[in-house]
């Protein structure tokens, strides 16, 4: 297997060992070991129902794993609640977009800063100087992120009223507003057209470059996977069946059988050009 | 100005709407009778002003406010239900308006040193005392079961009865073998009754309302309870007989103020005839009659004292009224505002389903 | 020109500070224009407003269904009644104590069930309300006076300086409390706590994943809502001078629930309108006696038919904040 | 031992009342996510209509059809009338409100409840009404020392038949599957060719009709009805349907029966006055351990 | 001869927003026609309008010379148009078999035909036959998509409307699904296909339409659409994007 691509430093941000999640009788995730290096984009692929989303959900505290551990920056975070995980520095998006539909885009993004602020009941009711400063900071971060995803214009629209593609970006902005170390994205390109997908890829690469963020990604769009990931992990039936750099994975016989299908198709469109 | 306005506060809607509406009808009849005889104060007619309190304390207080806000209201016949009466009478007291309760038997109401509150009905403890004095002897019963329904009224009566039995219990002449509550509005009391059956009482006193009483007795007979059933004054009326059915109802006793039909007074006959002529039947519970009497005594006091000032009226009622004619007999008040000398009878349902005085 | 003055008036009404001043002025003058009966109606309007505001936190802001709110109200009222009549604690001291008692109760009861979803939580609140009412009727430890309730409750006073015992004074007391509550809640709405509540209402899973500890925020809402209902109970008990279980039925909870929905979920002016409807309507229709509840029922249906979102729903995004970063002239905006 | 068995049978009787009313709640809830607070009043109205037939039409009916005929006539008349009332209430009070979501519909339902309750009060008067006593021969059976009345047996048999019928329709027929599909996703259901209005029609006729028949059984069993009784039964039935898993038809039946038995046992072995407190505490405990009721599917949200 | 399904000058609005503006599309017997378009272009709205799920504010939908504008959704199924909706929307608490049965709800009285239709679905999707007693909610995404398509086929429609059948599917499944679509078509069902996956959609269809902001901006045989530069940039992400990236 080839070396990991260049973004990755040696430092490991997220590590799971023997991660296992069981629903009823179904072993959705079976003893998964993952290592996510700082500064890389790691893609998790696999057929439907392979357990990818479930891995995310166990990492981000929505489910509690039956066995195995999750380490974040060498600290054990297994079994922590979702709201604790995000304050550790792991922010996520959802496979089916989950915004706060009846609130404005800005309010949506402000949610990300919740874990970075602390004003309590008393200071909120009495509007203490501390609370005001903090509110200003929350707004500032929200504005920065909204501009970054080019949604500043619709800041006061209700989230449910903006276009689907914008909603995906808004969800990413909300995750980013928590100043995460690791960004966990579940099929961010799902439902986007090739054009929008392209923009997304450029955006994610920019993040890696400019903000020192690490990205863990689930994708079905091979253009994206091949185009921007540094490392690919393939799952099937809850198990890890392969991992490697995109080119190797693309040629891996098991992956072709379980996931890609035999027909040859040109996925190199982006891969060849997206800069590294 | 040739009218005298008298207020009536009562549960026209809500769970006790039945009582409230009968009270309204009774007061209308009473006022009509007086007006037909030429009114009071040399020809002034009585006008009734009705406010609904829905049998609920807050509405009671508001209804009272509404009535005291109307300056022409001379005095108020106020209400059915002690816990509704309480906040309302506070309002009346504050605004110095005579108010006379007609279905409010909680003892505490007249222990507040209020100047303007009176009642034409008795208190819970007078009935309790009657039960203790009369019933065990009559049935030659030592083992007594007392059951109430957890309403202000039923529970009060049960507690007073227990208190009144206390001396007999000390002398080992009586024993309370069962004392518990049922929940009003329920329909199935078999569980409580099974317990009662196991206690083997010789007489069974139920202090709640007829709706539950009827269910209780029929279910009791179903599960084999045979001891005499004695109801309190809210327990037995024509409805009771109808619901329980004649087979079950006959032979059930109750402690009661004299029922409308048994009132030996000419005023009663006149009133009941008029009531029956207008509404087809006489009131099926005693309380509406007390409402009518409350109105009567107000009219009487206004007429005799020649004043419509509530303070004058209150003093007059307290000090001067004694043996004034009423449907329920001569009316007078104690210093606290309680009715003086309310008689009680033991009634029984006879074989025809009529409720007659038990000899 | 006739129309010249019209925009002027419209402007006055559209400016929030002026509007608030006008409404406040109206509230200050009102009791001096009418009889005690109407002052009392306004007092009960205030009580319902406070109850509505308290439920609005739970129902409107967090979206948790609570059909047992009368339970908290009852606990506030009975705490006041019992401690005042049995131990002579002054009513004003009991004001915070009643709030505390209701809040504590909410905390203890809802801690184990706060994870329940939607209607399952609703049935717990409903059950809780019924448990409280039944307990009051059953007179545990001889404290609650059973169905008779507790009577002889004092009025609020601070020595001889401040005595609240007339309708007018009660009116000012309750509306002072309502006013302060509105002030506090408005500020909360615009804070991270208020937003956190809204996030939970919109999507609890997403809220959790955005760093909101939904469990504690939901509990906080219940505790705060209960505390305010407890305050309402305190004022109610001292105004009526007696409390009895009839005042805290399931139906009462339903009425409070309707206040929030008739007004518009999460909307403070809406709550006031809802409370006005619930407290004024039956009084206005008094002359219809037997038929007034019939009319009331139809009115509720009609309200929902024509204003399903409430009479005055909360508007989002209406408040415009300007850029904090400064450069608005960028191409990407 | 006999006593406990007797209590359980009493509990089952009252429980089957709750169950039959709970079915109406649960069906409406399942399809429309509406807590139909007026359902208790459908039950009351049914009871009053049955009363009217039995009291005023009894002479005529019994002459022609005998006692059982009269009873059947009362049941059918009440059921049909209530089916109609259910439809009217749905059309006037609920249908205009659906598009706005489920909460406004709750207010509408409460409004409908007060309206119906007060209509009954105005129509029949505020007093309690007494069902003709001894309609059913007052026969008592002693089975192994347990008191059972003929009426009680009749009621139990009839309730279980009705419940069984409904269970069959909803769980075993394609129309039942259509109801469940509609409950889950109306838009997609209509893509299957399911006429949603027909489904709503069905639940809003069947639910009230079941309620009405229960009303008559309650009237015969207790012989006394009042215009406010629906509120209490409605509350209990709603509790029962949540206990069983709201929206779940078998759950409503089981919830109702369990609630009835719990109530009786609570009254017998704890205290009659505290029995409802006991019931609600059990309910809360059940929900702590089974957050979606006894039979409620645990739809772990897939995220 | 008139086309099997003819949509003429169709307009649809949600409240104030016009989602579809003056759109005309036709589908001939035996054809596969693809509709492409960005998110929110109005593709799903279009299909929902044909199925009777959203009210039509202008224009007409005609199916074998019958106007469907005011026909309710459940009757449209009866007439022979089936929609497999966006996002699968299987009934999660019903079994696979119950889901399929509901697909044939309009013909539930004709037992034999229902059985035949089911056999056909099972032969197209053997995996469904293995899972017939399983609750649909526990199927994987790909299986649910198969179920959704199978369910739509149960009414043996003449026109099948497919809304993004490849959404969220693994590449291997995407291939399978498209093979099956071709097979269904070969068995005689006309198909109107809405897709984001433009490569595939154009590969399988004979004609295509491109929808942008509720309007048709291009249409024609697939071969001509594929070679259109603008379409390539926006939907195919091919050479044009590559050029752009190189800049």
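Labels A, B, C, D and E are assigned to the chains in the order they are written; within every chain, residues are numbered from 1.
We take it that a contact is a pair of C-beta atoms (placed from the backbone, for glycine too) under 8 Å apart; a residue touches a chain by one contact, two chains touch by 3 or more.
On a predicted model such as this, the values are computed, not experimentally measured, just so you know.
Visitor: Treat each pair of touching chains as one step and give the shortest count from chain B to chain E.
Guide: The distance in steps between these two chains is 2.
Visitor: In terms of touching chains, how many steps apart are chain A and chain B, taking the shortest path?
Guide: When the steps are counted carefully, the minimum from chain A to chain B is 2.
Visitor: What's the farthest chain from chain D if centres are computed as the mean of the Cα atoms?
Guide: A
Visitor: Could you put a whole-Å number on the gap between the CA centroids of chain C and chain E?
Guide: About 50 Å separates the centre of chain C from that of chain E.
Visitor: Compute the distance, rounded to whole Å, between the mean C-alpha positions of chain C and chain D.
Guide: Roughly 33 Å separates the two chain centres.
Visitor: Rounded to the nearest whole Å, what is the centre-to-centre distance of chain B and chain C, using the mean of the C-alpha atoms as each centre?
Guide: That gives a centre separation of 38 Å.
Visitor: Averaging only over C-alpha atoms, locate the centres of chain A and chain D and give their separation in whole Å.
Guide: A distance of 50 Å separates the two centres.
Visitor: Residues of chain C that contact two or more other chains, please.
Guide: 137-138, 205, 290, 293
Visitor: Return the residues of chain D touching two or more other chains; collapse runs of consecutive numbers into ranges.
Guide: Counting only residues that touch two or more other chains, chain D contributes 118, 121, 273, 276, 303.
Visitor: Which chain B residues sit where two or more other chains touch them?
Guide: 13, 17, 21, 150, 181
Visitor: Give every residue of chain C touching chain D within the complex, in rising order.
Guide: 112-113, 115-117, 119-120, 122-124, 126-128, 130-131, 134-135, 137-138, 205, 250-251, 254, 257-258, 261-262, 265, 290-291, 293-294, 296-301, 303-305, 308-309
Visitor: Which chain C residues qualify as touching chain A in the complex?
Guide: The contact residues of chain C facing chain A are 184, 187-188, 191-196, 198-199, 202-203, 205-214, 220, 224, 316-317, 320-321, 323-325, 330, 332-333.
Visitor: What does chain B use to touch chain D in their complex?
Guide: Chain B reaches chain D through residues 13, 15, 17-18, 20-21, 150, 180-183, 185-192, 194-195, 198, 210-211, 214-215, 218, 222-224, 239, 242-248, 284.
Visitor: Using the touch definition up top, name the residues of chain E that touch chain A in the complex.
Guide: Going by the criterion above, the answer is residues 37-40, 138-143, 164, 167-176, 196, 198, 233-238, 241-242, 245-246.
Visitor: Looking at the complex, which residues from chain A come into contact with chain C?
Guide: Those residues of chain A that touch chain C are 60, 62, 81-83, 86-87, 91-92, 94, 98-104, 106-107, 110-112, 114-117, 119-121, 124-127, 131, 134-136, 138-140, 143-144, 147, 150, 152-153, 156-158, 174-175, 178.
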